[in-house]
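Order of writing sets the labels: A, B, C and D. Residues in every chain begin at 1.
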């Protein structure tokens, strides 16, 4: 009643996710900024690949934070409130595609945000990062 | 694999670009704010011409930063994501026209942003700045 | 009684000051960030020389703003209030040496701030910038 | 005269540095936040190890940015100006130990900042990160 069990990604897990995402982005030929946050939305790991947009550091991180806060992939907020929500959160809540919650065994353990490609490319790279961790966990 | 070669503008090059842009703006009779950034988006040189809007200092600088980050002229972002991107980057990514990457011999060496006129006037002045450097380089 | 005459530096004057300061810094072998502001403290011109510290962009600009606001060279605030004043102005008022008001014929027309060297070097370069303009004015 | 040659770390180099620093911190039993920036001070890679202080994300990043801007290890600023410089750069210039420039073959290619341990521990981990890259380069 007073305490609840949670799980957090370790930094080794974060590195596995980063490397899976990087491998995918390299295969696609699309350099990316990749951010991983813990369940509190704090930055756990980040990489900016050669040639990725440096401003995407900010948006990739916000995608991860938004996916974590809302416990859902980014991009699903209704069009009539997306800018209001962005403004009301000082730009932190973004409706750009490319943020995904990271679920392991049905439990939310963090989130990943990817930015510098198209929305579809960003999502594909984020998925590859999560898949790399799931593969390690068997 | 671990290092990549890059090039940066010197401050003498930045002065040449500023002067080329100023000369064009004076000929057009449109005072401008002109900002030049290095490949990391850090301010290298700036001038606010007599009569230019002082708030354009901020937007001209953001145009240069955006052109550098995206390695493309500003203004080409799709209408359905331009505000989301601006908000997700704390206003840093702008879709206003007037920012141009500076390429020398096919390599990106910085960017210029111009603001205080119309979008078309801003672009014209930015182009004149880059042309002045290219003329010096022969 | 209701209006007072002021004078402002033109952008051509700002370029003369920049070039005088750059020439001095080059002769000293100390790369500098040099900022010039108008009487309202708004940025008029800026250059970051090759090899100058990029964080000095911020401090050089604050030195110029502080010199303009206080109508005096920076660095003269008493030690027991300097940090209180910096904190009370969100860091804008700095007591670092290197900011000088620009006076022409006894009238204040702007200010210059220089940073990336020692305090004494910064002051020397700022003085050279002002001297270059005074020489043009004869 | 108008262009100067520079070098940047690739993301593969940044991963090598991160892993070298993590291995050292694990061996010491001191979890750390580790940030790597490019020559423009933009974040290239980051990891927060299990148990590291989350506020150290900010200070580790500022140590890297400061080391890059000043082209020297952090912590060497004279006591009488360290707070003035911190305030005049909006907190960006820090005099905490734990930031080191990354030099390869005598050229500055980026910087690393480490935070969450003592200053001496932070420096030791930063050095291990740089050493890991130098070993790969032979």
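The rule is short, and it goes like this: a residue touches a chain if its C-beta (ideal position, glycine included) is under 8 Å from a C-beta of that chain, and two chains touch if they have at least 3 such contacts.
Every value quoted in this text rests on a predicted model; they were computed, and no experiment measured them.
Engineer: Both subunit B and subunit C are touched by which chains?
Structural biologist: Joint contacts, listed by label: D.
Engineer: In angstrom, rounded to a whole number, how far apart do the mean CA points of subunit A and subunit D lie?
Structural biologist: 24
Engineer: Rounded to a whole Å, what is the gap between the Cα centroids of subunit A and subunit B?
Structural biologist: About 31 Å separates the centre of subunit A from that of subunit B.
Engineer: In whole angstrom, what separates the CA-based centres of subunit A and subunit C?
Structural biologist: Centres of subunit A and subunit C (C-alpha means) sit 44 Å apart.
Engineer: Do you know which subunit A residues sit against two or more other chains?
Structural biologist: 50, 54
Engineer: Would you identify the shape of the chain contact graph, picking one of line, ring, star, complete or other?
Structural biologist: Other.
Engineer: Which two-chain combinations touch?
Structural biologist: Every touching chain pair, ordered by label, is A-B, A-D, B-C, B-D, C-D.
Engineer: Can you tell me which positions in subunit A touch subunit D when the two form their complex?
Structural biologist: 8, 10-11, 14-15, 18-19, 22, 40, 42-50, 54, 57
Engineer: Report the residues of subunit A in contact with subunit B in the complex, numbered from low to high.
Structural biologist: 50, 53-56, 58-59, 62-63, 82-83, 86-87, 91, 94-96, 119
Engineer: For a test of understanding, state which residues of subunit B touch subunit A in their complex under the given definition.
Structural biologist: The contact residues of subunit B facing subunit A are 4, 40-41, 65-66, 68-71, 81, 83-85, 87-93.
Engineer: Where on subunit B is subunit D touching in the complex?
Structural biologist: So the residues of subunit B in touch with subunit D come to 1-10, 12-13, 16, 38-42, 104, 109, 133, 136-137.
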